[in-house]
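Just below sit the structures, each encoded as structure tokens.
What follows is a pair of complexes built around chain A, which joins chain B in one and chain C in the other.
Let's look at the complex of A and B:
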């Protein structure tokens, strides 16, 4: 059994793919936290806790939900916005919840504006710039999410959550699978449920998000 | 074919960067008579380019993107070169192929799109430099034409390998001395337009990009002929001002000088009989549409 844990970085310039370290994906009804398979309920609670603990909890919606491809995408967009609004309501004035889009995957060298967008090819720039210490990817194609999650784990101390519509992500610190409108709404419920019960993190990292 | 395909989810409209908002509100997707005159007034499909100041290739790129009849359903296949630096800023699907492979990739892509989207028009346009088209990729270029693959090949002819510092290419003119070809070219410029005609291209044009209206016309013709009949080829002179020792402001004049009737980029056009017929039909339809619009305008004014 692997001893490897998927933890906030900065881990390494090129961190290993978690899958290569023996981390496996959750089955339906499960999630993973730091690479350990857990029941989905536990993942909701931990994700909500991480959001509420963070100074700058952030949601990164990707192209699959930012663009109204179809009815399903539009419904997910509504749910994600609801999650963000809930998060905003539930954090303290010292925290700053953010919603930053990843409109597409083009390598936008050299003109990425980290204040208003995130790019999968250098997601660390947006995380560093906004001092994001907890983020959730949703609506990002898996291969781009994997790339980003690895870069983030490699170069920042940001806690990463993947709300994946497929089989989940080993490279996130916490991953859901089979994301749906219901699951996103349920996470919002958990955020509301834990409001006021979680202490904001005071951790200061030199090379991570909260520097 | 319209902006219906690129709607932002309303919940996220406010957080989208302004260039994406502009794209869905002011781009010319779906506009039937889009053309180079939209440049500067509508949202362009090329946000900004990272090429040298005054680069004729950047002008050509803008004209091409403004002239594509069906940009939202067009895939451009490119090869390594200066244009590779611009494609990330372009709001048209594109594939960056292995150097020289662009026509092979475009062949497979066009066939796959035809199978996958049988009821929809999908255009494929290859855009590559002269090294990729004529030297390293000549095999793929010719084989695609022999097979009568239905896509357009555009060659940005700058007469040398500019991106890598100025090596000799097949389209370089005889006697030219480049930075990394000090002896001077010893054989003539390859006559690719003639080769294209003989290889089965139905519409072939060689010109410079000094006249945007001409570029618009040939691009539209080439795409329409490729869509309906078979392969088409455009060879556009886009001089590399750095490699031929010109200043930023001199690119346009260089093209004007090179397109004179006795010069190597004098306008050249080959059109096959089926293509002639198609273009005549399209022109007639266009004329009818314009006449109808004129009548409608007159009726409104009366």
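Let's look at the complex of A and C:
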């Protein structure tokens, strides 16, 4: 039984992959929070709570949902837009919900424009620039998502959520698996359900996203 | 592995695409008397392989040739000979990048020649399966069994399994694809056996029905973008971060490496479920344990029988998976042992080193007996090592026949 917990950083110059620290992925019907396996229902509630607590809750959609390469992807994109609109409706005027795409994975030089995109090779730039304190990855290929999630955990205090269509992500602080249109819509329902019940975070970190 | 939509349909050879669990655990088995090479052929017949690339090197040449027969029969979609082992492994990468289920076989110097490709396969998350029929690698030339090449594969980021018998071989070829194609794993598998001892001897093997095959590989579940007309490899390779000299490029590359090893860790859950644990044990309450992998385990079984005749009780730990390495299982299985004997078919004793690094009180480990260069390992020399560890006087094996 590992003592390691997947928590908001900044964790380390080069943080370990959570899998190498003994964190295991959830089975179908489960999620994980901070590396602890939980019933999926609990993950919905916590994800919605984290979104509503954040000053800048942000969704990062990746290529698997940005491009209409099959019918399912197009439907998921619509669901993600719905989740974003719901978030915007449910946060207070002091909060700023964002939707920033990860259109592809190539490193871009001299640097990306963090206003308009996030890149898996230096995702911390987008987090820092926009002061994002809670984000959700969706539609990002698993390998690239894990790279991003680990680098974010290493250098920022941002809370990370993964809405994964495959087996989930240990490197996120909270992860769903087998993501579908229904699951994204259900998360939007939870956000609406918790609207007005969650206090916005006042935490200010010197080296993280909440500066 | 593809989604359920194709289960129950037939491929062009009339084989029913069958749920992997049903095929491997529930379908009737037919006992058959085959060589290890023939077993490789029979497993591939049922594995729904798209591409096999071959290059001759003993002792895998026969298996490579037999897969050619499968190609002629229509069970393998593409089959050709590469220009060298290096070329073969590079071509395997190309086929896997393109979304094919890929199979190849190699041995000894061929493994070494192709070595540059293996970390590349892992880094690119290509679930290629490679059979390694281990043989001597050093000069002077030897084609005989020797497991030294496995030591070089252990740090490539590939999954590495070590089969003891032809039955292991048959089951693990099929189960290997299932594990290595899981999206959270998606790594190449080196499925090793001891050349000649397994490939060229006949054994009874229980085969699944020939009219059933695995579901096809679904490249769109890959954790990295599948190469197609929308996503050619040049899009990934342009501006590779390794060509840049700055902190973030280095940090990304380090994270990439960590992710490969994280995937090896994730394979534990699947490997345990499919091959029934990373180790097998017998009588681990005994004071003396033999711990090894491959055919050294078979010789260990004989040694245990000989010692039982003399009233000496010895237990056994068979290590099936080398990557992921079953360190927790080994710690648990050896916790009561006073002497841990590690017989190996190589001169360096890499298995004993791995075990020593995994357990407390590692001076319990006896690194031997070891043979190399194709020598056999008579059970009597394992018996002798155990008696030495126990302080029992016994005749030196080298004196035999003088």
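The rule is simple: the second predicted complex is superposed on the first by the 210 of 211 C-alpha atoms of A that agree within 3 Å, B and C clash if a C-alpha of one lies under 4 Å from a C-alpha of the other, contacts with A are read in each partner's own complex, and residues count from 1 in each chain.
The rule is short, and it goes like this: contacts are C-beta pairs under 8 Å (C-beta built on N, C-alpha and C of every residue); 3 or more make two chains touch, one makes a residue touch a chain.
Bear in mind that the values here come from a model prediction, so they are computed numbers and not experimental data.
Of the two partners chain B and chain C, more residues of chain A are touched by C. Look at A:18: by the touch rule set out above, it reaches chain C but stays clear of chain B. With both structures placed on the common chain, the touch criterion links A:166 to chain C but leaves chain B unconnected. Judged by the touch definition given at the top, the superposed model places A:144 against chain C, while chain B stays out of reach.
Applying the stated contact rule after C-alpha superposition, one finds that A:78 touches chain B and leaves chain C untouched.
In the superposition on chain A, A:122 makes contact with chain C only, not with chain B. In the superposed model, A:66 lies in contact with chain B only, and not with chain C.
Of the two partner chains placed around the shared chain by superposition, chain B is the only one that A:101 touches, whereas chain C remains out of contact.
Overlaid on A, the two complexes show chain B and chain C touching the same residues of chain A, namely 67, 106-109.
The residues of chain A lying in touch with chain C in their complex are 14, 16-20, 24-25, 63, 67, 69, 104-109, 120-122, 141-144, 146-147, 150-151, 154, 166-168, 170-171. If you check the complex, the residues on chain C that touch chain A are 125, 182-184, 186, 221-225, 230, 235-236, 238-241, 244, 248-249, 251-252, 254-256, 258-259, 261-263, 265-266, 269.
Here chain A touches chain B in the complex through residues 61, 65-68, 73-74, 77-78, 80-81, 99-101, 103, 106-109, 111, 113, 116-117, going by the rule given at the top.
Chain B meets chain A in the complex at residues 6-12, 15-17, 20, 48, 50, 88-89.
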